[in-house]
Structures are given as C-alpha cells and as structure tokens.
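Below are two complexes that have subunit A in common, paired first with subunit B and then with subunit C.
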Partner chain A sequence: MTLAAALKTRDVTQLPGKRDEDWRWTDLRGLVRALPEPSEPFAGEPPRGPFADLAGLPIHVVNASDPVVIRAKSAEPYVVALHFAALGGGSHAATARIEVAENARLILLESYEGDAEAYVADHALSITLAPGASLERVVLAADGELGINVSTAQVTLSAGARYAQTVLTDGGRRQRIETRVTHPGAGADLRLDGAYLLADKRHADQTTEVLHQGVGGTTAQLTKGVVRDQSRGVFQGRIVVEEGADQTDARMRHQALILSDQAEVDARPELLIFADDVSCAHGNTIGALDDEALFYMRQRGIPEPQARALLMAAFVGEVIERIEHAPAREIARAWVAQRLEV
Partner chain B sequence: MAAVKETVQHVEALEKYQHGFVTDIDQEFAPKGLSADIVRFISAKKGEPQWMLDWRLEAYERWLAMDAPEWAKVKFPPIDYQDSYYYAAPKEKSGPKSLDEVDPELLAVYAKLGIPLKEQAVLAGVEGAPRYAVDAVFDSVSVVTTFKKELGQAGVIFCSMSEAIREHPELVRKYLGSVVPVSDNYYACLNAAVFSDGSFVYVPPGVRCPMELSTYFRINAENSGQFERTLIIADAGAYVSYLEGCTAPMRDENQLHAAVVELVVHDDAEIKYSTVQNWYPGDPETGKGGIYNFVTKRADCRGDRSKVSWTQVETGSAITWKYPSCVLRGKDSVGEFYSIAITNGRQQADTGTKMIHLGEGSRSRVISKGISAGRSSNTYRGLVSAHPKAKGARNFTQCDSLLIGKTCAAHTVPYVEARNGSCVFEHEATTTKLSEDQLFYVMQRGLSQEEAVQLLVNGFVKDVLQELPMEFAVEAQKLVAISLEGSVG
Partner chain C sequence: MLHIENLHAQVGGKDIIKGLTLDVPAGEVHAIMGPNGAGKSTLSYVLTGRSGYEVTEGSATLDGEDLLALAPNERAAKGLFLSFQYPLEIPGVPALTFLRTALNAQRKARGEAEVSAPEFLKLVRIKAGELKIDFEMLKRPLNVGFSGGEKKRMEILQMAILSPRFLILDETDSGLDIDALKIVSEGVNAVRSPDRAMLVITHYQRLLDYIKPDRVHVLAAGRIVASGGPELALQLEAEGYDKYARAA
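And then the complex of A and B:
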C-alpha cells in the first residue's frame, strides 16, 4: 500500500489509509477518490528553488522526469541543490538516487514547490553512504494548498558514515515526508531533525524509522512543530535496536505548540529494543505557548504579537541552529521566520 | 563470570512458580466447545432471567461476525475456541451455603494460596490490622464472598455477578455493558456471550467503603477458559478500593482468560483498582503452557471531579494483552495508571493504558515500569487523547524499561492525539540495562548478585509499588523478586 504503487497501477485501492497503522493520521485512501491524470510535461523556464544560488550543481525536476542520479566522490564538500516542482496539476512520481563514495562529502539542499493546482506527487529517494562518507541533507518543502505530496527517502549507512538531516515544512493538503534509515552501528552517526509550521487547513506528517543493526551506533532526533488555525501536524518516529546492536545510543525528542483550539497534533514516538546494553530515550511534549514567558516579555514592553513570534522563533530555532552548512542555515532561518509572522 | 553461572544454577534449582498445583475437586463442566447452546447452558445453569440470556445470545451472534485482532506485539498460534470448556464449577452441595459448608478441599486451596476466606482468620490477626473482604472465584463461579453482612450495614453491595443479576437486576441492567459495549472488541464480545461470574460492587452515594474489597481468581480445571465480568459502581461521593489477584496451575496447554472489568464513577467519587496478576506464565525454557490473559478493563469517569486509579503488577501469564483505560468525561476528572510489568522466560506482554480526555480540566498520570528478562518481550502501548472540548486537559506519562539479558526485548509505543490548544501533554521514556556500576556498588556491600538485582529492580519500580494498598505492596515486592529468579547472567 503505497502512493507510488497506486500511481503505477492507477488503482486507488492501493492508497494507504486510516486502516494502515503507519498511515492512520495521514489518510490518503479516504481523501483521494480518483487519481488525477498524469501531469503534463513542463515546457519553459523551470523555477529556481530557494537553494539554487548556493549550489555548484542546481538540478530542477518539474512534474517528474528521468530518474536523477547524484554521485559524490570528492572529500571536499560538494553542494547540490535538488528542486522538485509540481506545476499545472495532475499526478506524477519522481525518483532520485544519491550515492556518496568512501570518505566523500556531500551537501544536499533539497526543496519542494507546488502551485495552486491540485496535484498528487510521489518522490522516492534512495541515498547510500559508503564507509566514512558524510552527507548533510536540508529539505524545504513548500507545497501548494491543494497539493498532495509523499516523499520517501531510503537511507543506507555504512560503517563510520555520518548522515545529518533537517526537514522543514509548511505542509500541504496532505503531505508526508518519510525517512527510513538502516544504521549499521560501527561508529556511524545519524541526526534526524525536522520542523513543521502549519496554518489554515494544512497537514504535514514527518515519519522516520531507524533500524540499528550493529554495535555502537548513535542517533539523535529532534522535531518541533507549530500548528495554528485548523492545521494538523503528525510526528511518527520509530527507533528499532535489533538483537546484537549493543552500545546503541538513541535519543528522540518531539515538541509541538498548539496555538488554536481547532488545530491538532498527533505523535507516536516508538522505541523497539531487542538488545540490552543500550541507552535509548524519547521525550514528547505538546502544549500551548508559555503564558509566563509571554507575560514577562509584555512586561518588558514587547507587544503581544512580537512576543509570540519571538517565542516561536526561539522554539523552532533550536532545530535551525543544528544545520551545519551556514548559508543553508541562513536561508532556512529566513524561511521559518517568514512562516512564523503573525 | 563464574559467580554469575553459579547464581544461575542456584536459581534454576528453585521452584519458580509457587501456585502451580492442581486441586482435585469434584467439578462439573459444560460440554466442550462453543455454540449458542453452550451460551444457553451457561445462562440456564446460573438461573438467569430472559433479558440476560438475550444479551448473551446477541453478543454471541456479533462475536461470530468478528475477527481476532492481530495488531499487538505478541505471537501465539490461533486459538481453537471449540477445544475448550466454557463452564467449569465445583459441584455444589445441597442445602444453604455458608462458609462451613464450602468444600473443605476448596478452602484448602485458598489457604494454600494465603487468601483468608474465613472472616475470623482475618480478625484474629494483629489488632488494628486492615481487613478486607474477599470474593473467591474458582474457575467459572464465585464460591464465597466474605464480610457481606458488615458491608451491607454500610449499604455497600459486594457479591458475585450471578447473585447481582438475581438480587439487583435494576443496577445490573443499567450499568452492564455501558462502559465496555458488547461488541467493543473480539475478546470482550466473547466474554459478554459466555461470562460465568465475577464480582459486583455498588457503593451508594457518600459512602466510603469500610474495608478493602478483593476478588481472587483461580483457574483450576484443565482445558477451560475463565471469563469473568466485574462491574464496580461508585455513586456520587463514594470511595472504594478494590484488589484482584489471580493464579493458575501449571499445565502444558494454554488457557484463555478473557475478562471484562467495567468501572462507573459518578460525581466526586473515587475507585482505586489494584491488580496483582500472577497467572501461570508457562515453562520458561520451552514456552509451553501458560495463560493467555486478554482482558478489557475500562473506567468511565462520568461525574465531575471523579477519579480512577489503576494500579497493576503484572508478573504472570504467557501472554498479557490489556490496556486498563479511563474515559475522562467529567469536568476535572482524574485518571491514574501505575503499572509494573515483568516478563521473564518466554513471556510476552503488550500492556499500557488509554487516557481519553473529554471533560474540561481533566487530568491524567501514567507511570509504567517494564522489566524484561530471559527471552521475553515487554511492550508499553498507550494512548493519550484530548477532545476539542477537553480544555486545559493535562497528562504526564513516564514509561521506563529495564532490560536484563541479551535476548529480551522492550518496546514503547505511545500514541498522543492532541486536539485543542489548551491541553498540555508530556511524555518521557527511557530504556536502559541494569547499571553495572550500581550492581557493583551493591554487591560490594556484601549482597549476592541475585539480591543486588532484586534490590535495584525494587528501586526501579518503587514509584508504582507505593501506590498499592499497603498489605499488598509487601506481597507485590516479593512477587517482583520471585519473577526475576533465574534472570541474572
């Protein structure tokens, strides 16, 4: 049951829905009654995307195209901007393969864009890191109000590899950004961060699954969310420590602010542990803005809207600060600030 | 690691399950298997009115149309529902039934289990010692309920379910199935069709129940399932504390225990429900035998400022699959869940709670401590949800897991659904192994490894143990130690 399978077979019954445990809060089956026609091929100047100026190699994919293949071989950090756009409605499925060779370094700045038309888009990324390789992935997802987007990255790490990810999104009609990582332990290091900033009736789902398969792996995960109006944020994190994957250190944190009585946050932080010499923890908090902090700031003469914006910026800022690539971090910061303006 | 090996061998020599004896009691059974006729048989056996039989038959019809759920993290071969007895009862002697006329064999069973069925036996204890009334359920029927007279003076009704259907049909009809509807889930539906007995408690408005109430469940007969149904109602301003305990003989085949517990709490009332579950867990080496404990427990906090507190110590059963829940409907209602789940050998437990916040200002607290050892698997699965109307709902959840050994598993699967802007939900969970440093420190002080582990585990579960009624806390603490025997190494 995947969107990709449904698009391939043109069969709506293949869509995942409420009855699939991993999709209970992101129901596609109930939403999509009929799959739209395949998207028209796009002619004209492709949109540049937010990261185009930072990259040695900007890649644009509009309404899907041939599979994208990126291979990084140099130990010097290499910056690629990969921009997916859905224009003019319809349905399409894009794929990309990213390989980082031994000891090579890659910075992948990925972005999504959709126009005001209704579309159904599927993105499948396969990311492989060879031993000692390093990849930082920053995702900015700006789907259209009527856009349905599912992006799934399958990440395979090797010994001593380092993978860091930050996914920032403002949602869509239904949007899911999913990351599945196989983690060999063996000194490999993983960071999975994200933030969702939702308003109106938007929906965003950040789902991750990490399989720790070997001794001595670390995972750090931090996801923050701000939901307003009638929006809905979903966080599903699953960390699996397989038998024998001792000395795993895994930490997961999810925190969300609900700023309206019609907004909703659903969370499922899961730990599945089959080894005993591990240290795993998760924390999950959901609540409103701290009234006392707000009061304190207003007392100091800061008007309420600014005080709120400041508190939210500080709240989400923790995720932004962890982006290592400085120019991308600044773009991310501005992107977030724009979406927190009241 | 020679010392460790020694401990393991030493522990293996110990008797691991102390309640595994079978008692030869003159019993009568319903014919094996399940059908509408069996449902009628059970109902007739209990001399039930027509409405009760209709209720059962309707449940049976619905059950036939349902599929067994498979989502829990437990593995077991499909259950053959036709290969089991749905009714087994000690043969009744004629004449009025007072305690003196209860089969002495039966009394001996309870004496052996340390359950005081003779009222004077309790009274003879230390002066001022807390007393508690007991309803003893043996296979399918309640054999005796103590202290009924004294409770009656306070207006408290404490009796077996069959008696309640006869004596207080208006209360039973009003409340039975109102918290756990007939077709709530597969096992609850089965229970509604074939339940044989259980306890019934009604505490009238403003009454604080003068003593602890408790029910003791014992499965004795071979190839039989136990399906009891408990209903507790605390009317406005009432308070009652209730404890259930369970044991079963050691057998090679699995036996099903599918109970339903319904709690109804009105304005300002409080129910404290504690469970010490010690069903036979099966053979630790082969995983053969043991009880399947598939239980539906739910409390409906209907009244404003009502409160329910679930405390459970789960050490037995081959498979435990249950989620004592609170529907927090009333304004400012409170739900609490304190749990210790210990799995060893090849036990599997998938347990947790549901806190459903519907009322304004409702609060809940969940403390769960899971300990897995041997080749066992222990899952915490919980739901905390706030309805848009549940303004200012608060929840705090803490679930900690402790792993002892390389082959066990511990899982945490919490679901959180927040649907308004004023709720505050906090959840934290940790999974660790027993700290080497702490073990070393304690052993340095002269404790054996086994004792050291027990001491540390007792410290780990302390937050929950202190929620148990005092006299059971001691028992539970011992149980924790026994359950962990053989886990070091």
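And then the complex of A and C:
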C-alpha cells in the first residue's frame, strides 16, 4: 500500500491508512475519497525555492516531470538545490535518483512548496552512497494548507560512507517525510535529524527506519517538534540492529513541545536489537514551555510572545546547529524563526 | 517612589499577604527581614506580577503609577527589577542574546531607540569586568550549568545593564561565599543613587553589613510588624524572630 501505487493505478484502495501499522497516524485511505485528476503541466517560470542561490546547479520540478538524476563524482563538495513545487492542484508523482561516487561529496539542498490548491503529491528518492562517499541532505518542506505530500527516500550506504540529514517541516493537510536507510556498518556514519513546527490544523509525519546490517556502524538521531493550535506531529523512528551487526552505536532522541490543549504528538521510538555487542539508547520527552522561565524573561522586560518565540527557537536550535553547511544552516535558521513568530 | 497600601494577596486561594503597607522613597534602601513563610518572596512576586499571585485588596504604585494593572514586562520597562532568589536557567539562549533582547524590549516599550551591537558589547564588557564575570561565559546559555554564585552575579550584571529605577533583591546573599558576597554587594552599591530605591529581602543580617539599609522592616504573617533603623537588623540577629512570630 503506497501513495505511488494508488496514483499509478488510480485506485484509492491502494492508499496506506490506519490498518497499516506504519501509517496508523497518517491515514490517507480514510482522508482521500477520490484521487484528484493528474496535475496540469506547468508552463510559467518555475519558483526558485529557498536554496537556489546557494547551488552550482539549481533543479526545479513542478508537478513532477521526467525523473531527476544527480550524480556527484568529485571530492570537491558539489552543491545541488532540488526544489519540488505543487502548483494548481491535481495529483502527481515525482522521482529522483541521487548517486554519490566513491569518495565524492554532495550537499543536497532539497525543498518543497505547494500553493493554496488541494493537491496530492508523491516523491520517491533513491539515494546511493559509494564507499567513502559523503552526503549532507537538508530538507525544507513548506506544503500548502490543503496539500497532501508524501516524500520517501530510500538511502543505501556503503562502507566508510557518511550521510547526514536534517528535515524541517511545517506540515500540510497530510505530510509525511520518510527516510529508510540501509546501513552496512563498516565505519559508515549516519546522522538523521529533523524538526516539525506546526500550527493551525497542520499535520506532519517524520518517519525513519535504519537497518544496521554489518559490524561497526554509527547512527545519531535528533528530532524536535513544536505543535500549536490543533496541529498534529508524528514521529516514528525505528532502528534495527540485525544479527551480527556488532559494535553498532545508535542513539535516538525525540523531544516535543505541545503548546495547546488541542494539539497532539504521536511518537514511536523503536530500537530492535538482534546483536549482542552494541551501544544503543533512545529518549523521548514531551512537555510544555517552562512557565517559570517565561516569567523570568518577562520580568526582564521581554513581552510574552517574544519570550515564547525565543524559547521555542532555542529548543529547535539544537537541531539547526547540527547542520554542517553554513549557508544552508542560516537559511534553515531563518525559516524556523519565521515559523515561530507569533 | 514605591508605595504599597493595605496590600492583600493570595496564592492558591490562601492568604499570604494580609494588609501590608510600606513606603520606600527615592534614594533609600529598605530591608525586609522575617522568618520563613512570612511572605517575603510572595511580596516580590506580587510586585513583579507573577501569575498565580492574586491581589485581593490594596494597591502598589511606582511613582504614582499603578503597578498591579501592568503586565510583568511592562513593569520591568517602568524600571522594576527583581533579582531572583533562584535565577532560572534558559536553555539554548546565550546570556548575551537574552540581555540584549531584554534591554531593547525595555527601550522599545519606553519609546527609546535600540542599542547597537557595538555599544551593547562595550557596555557588557565593562560591567562584566567589574563583576569579575568571564566574557566567554556570556556566550553560553543563560545560567545553564552556572554555579549558585555565578547565577547571582549574572543577576547583578543584568541589573547593571538594564539600569532599573527600583530594585528588589530577594535573598541575594543565599548561596554566596564571602568573596562573591562582596562582589555582588559592590555591584548593588554601585547603582545606588538619589533617583533609585531598593528593597532588600533577606533572612540574615549578614548582607546588610555590605548593603547598608536606611530602614529595616520586619515582615511576619503577611504584615509589617516592626520598622526601625539599621539597628533593628542587629537586634533581630541577636534575638531572633520569635517574638514577632508570636505577635503576628
């Protein structure tokens, strides 16, 4: 059951929903009664997206197009901005293949935008890192209020590869950014971070799965969420350490702030360990802004909305600080600050 | 300056301040002493507007302006500053960012121009130096992982930067060793001036050796039960609060 299959067959019974364990909090089957018509091809000037100015190669995809193929071959970092836009409603499915050659480096600055129309968009990315390759992926997902967007990245790492990811989202009608990583161990290093900043009735789902299949791999994961109004954040993180994947070091942390009685966070952090000699930990905390800290800040003259925004930005800041590409980090920081303004 | 008239306040439905009247004129330092549970910290929170502290009767004005009608940040912009007994940790917000945000928010509320970054840094370097605070520490999140003494010094630094007109020091001596107490007291004394006033809340007389009060008041069971000159503090130190607790 996938959105891609449903779009291909135009059969809503193919949509994932409550009965699929991994989709129970992001129910598409129950939401979409009929799939919209395929999106019209887009004629005008494509939107540039937030990262276009940073890239040697900006790529724009509006309402899907021919498959995108990106190959990085140089040890000099190659910066690509990949912008997906959903404009004018309808449904579409886009695909991209990203290959990083042996010892090559790629900075992939990926973004999503949608307009005010209702749309259903599927994005399937296949990302492969050859031995010793390095990829930092930063995702800014800004979907429309009526937009349904599912983006799934299938990541395959090789020995000694390094993959670092930061996914920042402000949700949509239904939005899911999913990352599945095959991790060979063998000195490969993985960082999987994210933050969701939700207001109104928006929904965001960050789902990850990491399969540690060999000896000596590391994974560090940090996801933070801020939910307000009637929004809903979903975090599903699964790390599987398969039999024989000894000396795996895997750490997962999820922290969320719930700032309204009607907002909701559903979190499922899972560590499934089938090897003996591993070091794994996970933590999950959900709370509210600290009233005492807020009063302290107000006593110093900071108005309450500004004090709240400062505390929220500081909370999410830990994720932003881990972005290594400095110009992208500053764009991400501004993107977050804008979404936390009151 | 500060005028409190027949103030009554509740916390969680329980009467804590029960008819407190107090005048602190400009230029003076008044100490409030009293046993545990007398309402000393409650008074500081009522004056600064913490939620959950409900005034049921009476008034509190600063230079004739009704404090109780203002939000906490508005009271701060009017020049009211509380040095907390237990300063809060603000994770993720560097002390410098916090201070500059607070200073500019107050200035904005007063219709003054923002302080530029170079001006601000110059001011902070001078004041931090006087308080023997390592400038590097100010790049760290405010109070996170700071010792008790460092937190109190940070309170005084904030006071020096924000330059309030009326100061409330709530048990500022607690958690300080004698060297830190001297530094903090010098910081407080440095801001004494004819157009400022302060209320020093303390359990022990020790702090008053360093910050000399003009008047001393005894707070017991929510009311001022005795007032006098600095000699009253010495008398309390010798005799304890017992007779006041009984009188109340």
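The criterion applied here is as follows: the second predicted complex is superposed on the first by the 342 of 342 C-alpha atoms of A that agree within 3 Å, B and C clash if a C-alpha of one lies under 4 Å from a C-alpha of the other, contacts with A are read in each partner's own complex, and residues count from 1 in each chain.
Note that a contact is a pair of C-beta atoms (placed from the backbone, for glycine too) under 8 Å apart; a residue touches a chain by one contact, two chains touch by 3 or more.
The structure presented is a predicted model; accordingly, all values stated were derived computationally and were not measured.
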Check your understanding: Now for A:145: first (subunit B), second (subunit C), both, or neither, which partner does it touch?
Key -> neither
Check your understanding: More residues of subunit A are touched by which partner: subunit B or subunit C?
Key -> B
Practice item. Quick one: classify A:279 as touching subunit B (first), subunit C (second), both or neither. Key: first
Review point. A:189 contacts which: subunit B (first), subunit C (second), both, neither?
Key: neither
Exercise for review: May I ask you to decide whether A:324 touches subunit B, subunit C, both, or neither, giving the answer as first, second, both or neither?
Suggested key: neither
Practice item. Please work out whether A:117 is in contact with subunit B alone, subunit C alone, both, or neither, and reply first, second, both or neither. Key: neither
Review point. Which of the two partners, first being subunit B and second being subunit C, lies in contact with A:310: first, second, both, or neither?
Key: second
Practice item. Please name which positions on subunit C make contact with subunit A in the complex. Key: 48-51, 71-73, 75-77, 81-82, 84, 87-93, 97-98, 101-103, 105-106, 109, 141, 158, 162
**Study point:** Partner subunit C, residues of subunit A touching it in the complex
**Key:** 290-293, 295-304, 306-307, 310-311, 313-315, 317-318
**Study point:** List of subunit A residues in touch with subunit B within their complex
**Key:** 21, 243-244, 246, 256, 258-288
Revision key, fill the gap. Within the complex, subunit A is touched by subunit B residues 71, 388, 391, 401, 403-433
